[in-house]
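Chain naming follows the written order as A, B and C, and within any one chain the residues start at number 1.
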Amino acid sequence: MPVIEILGLEKTYATGLFRKQRKHALHAFTLEVYEGEVFGFLGPNGAGKTTTIKLLMGLVFPSAGSARILGLSIGDPRVHAYLGFLPEQPYFYDHLTARELLEYYAQLSGMEAKGRARRICEVLQRVGLDGSAETALRKFSKGMLQRVGLAQAILHNPRVLFLDEPMSGLDPLGRRELRLLIEELKAEGKTVFFSTHLLADAEALCDRVAVLHAGRLRGVGAVCDLIGDAGRVELVWRGRNPVAMRPLLLETHISGELVRGVVPEAAQEEAMKILRCASLPLVSLTPVRTSLEEYYLRQTQSEAPPQEVRA
Amino acid sequence: MTVLTIARSTFREAARDRVLYSPAVFAVLMTGAAILVGQVSIGIERQVVINLGLAAVTFFGVIVAILVGTGLVAKEIQKRTLYTVLSRPVERWQFVAGKFVGLAGTLAINGGLMGLGLLAALRYVSPGFSGADAWVLVAVYFILLQLLMVCGLALLFSTFSSPLLAGVFSFALFVLGNFAQELRDVAQSGAGWVHRLMVGATYLMPNFSAFNVAAGVAHGESIASLLILHNSIYAVTYTGMVLCAAVLAFEWRELQ
Amino acid sequence: MRRGSVGAGLLLAACLALSVALVRRTDEQRAATARDEVLYLHSPALLRRLSLGHEGLVADLYWTRAVQYFGMRHHARKGTFPLLDPLLEIATALDPKLTVAYQFGASFLSPPPPDGAGQPEKAIELVEFGIRHNPEKWRLFYNLGFIYYLEMKDYARASEAFGRGAKVPGAHPFLRVLAAQTAEHAGEVETARLLWETTLESSTDPLVRENARTHLRGLQ
């Protein structure tokens, strides 16, 4: 069962002094996210990632289309009981301490009074803030606020998490902890939908990703497919670069003694033969895999019509 | 339940905002000044204390009502603290209602304290309990009702404009509220649709003419219980109307 | 998130209807009991301080209030105008250069009821105050003489007032004529006619001119 169903969701902002100009922040698109998935939402600045998440949270209203979360329409207040949300650059009531803030949110989420205090301690520990529980949020650093944001998102044990750039502002250790946290959440069977600019994190964490560019969905797919075989092999040999080799090479790089060349998979045998004939010693042969970065760049830089990949 | 949670948190925020205490202190100072004035002039100490005290309660009450009304609500929208609140099972009307209850509680306590300060000052200038003191309390109650209406307006304006604009709008309506009756008299003396529109507009403004009893109270006049009932009902319905408008505006508001 | 809208809209309509009904009731009650208007602050000095440097504005407000007060009670044929003098006093004390307040204020205060407040002494006090602060305005002397002549029947003082006015640089030449006329032909119809004719001729205000015309018609 899809946990998040986006059906032709579209958002146009009225801008300008008299709200006459229209700004297409998001063109109609359709997307499904399944139970237990970690889903990465990628795209350059201004692509519409935050807009999508705000639409799903009911903070702004769609210009057209609809969306369902856990089978409930996004306008339905009941759905919020099952959601956790970390906004972009979160900001909280800064006169409260971290513990007071979480207490307030726990009450708003309708959590039982009984387990509340314990759950708050647990969550604070999980985001590494147990030492600053009694400090006013006014005195928190950016990364600490980000951690508070994470704490409040997971506080009420929600089934679906929406994290808008959860890594931003975190130190390297914090990022690692967050990766672990997301993996734990996945292990608990939660669905995590997060936007990010950090492709390495997306590659490491996500089951599937979507790439958004200028308000259009450019591609969706399972990470293992997207970063699969590129149909090329990389050969490294010692010596010179024979003339016969040149038409086959897609890329060459010579450093000192070593020559590195990439050839299409189909030309692998021929290339090896050429090297043997020229008695140049082969050092290594590896199939090239596309990184998520390459896929991302292809989707966001090409002017080609968006490519739909179904997983 | 949700409403009460939000109300309690709003109250706590206002209480932690030390800005809130200074007007109360100031009102007490004003009353102290009244005592000095009373000692300089002869025979009208009570009057001066009541008039000046009630004026101070109104003045500082309105400032607090507008500051907290716009500050706490428009600020939440501007600083986006609302995102994480509204992504929880909290409906927008619950947020508006909770905010209002919290603000009303803050105002009631603030105004109540000022009222007590005024009574203390009265006790100082005319020792011994006087039945007329009760009417002073009723006058303070009327001021509180006005403050609730102003606070509702501040909340309404906060839902669609910046804190500063919301403050200016609500203060303007507070001033207009004191002239609403005169404005309507003027508007009613004419004919045509412009005048009819103006009359309609005066009904949308708060009408404070029946709430200003300071002068009478200062002269020891009593207040009809019917007026107390009437003003209470009016304050409730007017505030209800404003809050409904605030809920409507807020439900349609995009949090960008 | 617009599910509550219908409920809120209905409740809004109900509250609006009820509050309009309540306000109308207040209006009716006020009309029935006809409680007099109250002047909350009597002290110009206090008002000056409260106006935070904008005495002119507050003076204008009080002058407007005075006009409305006079107009409303005049219209309702009340006959008495107890707050008129204090209102004028405050307005002029806040802004002594507010000459309209002397000219029209005097004409509200001096005629006998129901046309005015029947307080010519107050009117004289007001105009004298105006003259002290605006000795260059010949018209104030003219107003003063007018009140002495028509309302107080004190012809000597009237003549004196016109005479003082005639000495003001730029004064209307008729003031000199009026001074002589009021002294020698006191109480004669011709003199009164002359006074009103001067008013008619020297004023541009339509109300004042209409009033002068009415009086001239009455003298024929």
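Definition applied: contacts are C-beta pairs under 8 Å (C-beta built on N, C-alpha and C of every residue); 3 or more make two chains touch, one makes a residue touch a chain.
This structure is a prediction, so every number in the text was calculated from the model and none was measured.
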Going by C-alpha centres, which chain is most central here?
B
Chain centres computed over CA atoms; the one at greatest distance from chain B is chain A
Just how far, in Å, is the C-alpha centre of chain C from the one of chain B?
36
Chain A and chain C: spacing of chain centres that average the CA atoms, whole Å:
77
Chain-centre distance (mean CA atoms) for chain A and chain B, in whole Å, is 49
Residues of chain C that touch two or more other chains: which are they?
1-3
Quick check on chain B: which residues sit in contact with 2+ other chains?
91
By the touch definition above, chain A meets two or more other chains at residues 58, 61, 77
Within their complex, state which residues of chain B touch chain C.
51, 91-93, 181-182, 184-186, 203-204, 207, 209-210, 214-216, 230, 233-234, 237-238, 240-241, 244-245, 247-248, 251-252
Tell me, which parts of chain B touch chain A in their complex?
1-2, 5-6, 9, 12-13, 16-17, 79-81, 83-91, 254-256
List the residues on chain A that touch chain B in their complex, please.
13, 54, 57-61, 77-78, 80-81, 83-85, 87, 90-93, 95, 104-105, 107-110, 149, 152, 156, 162
Under the definition above, what is the set of chain C residues touching chain B in their complex?
1-5, 8-9, 11-12, 15-16, 18-20, 22-23, 25-27, 30, 38, 40, 68, 72
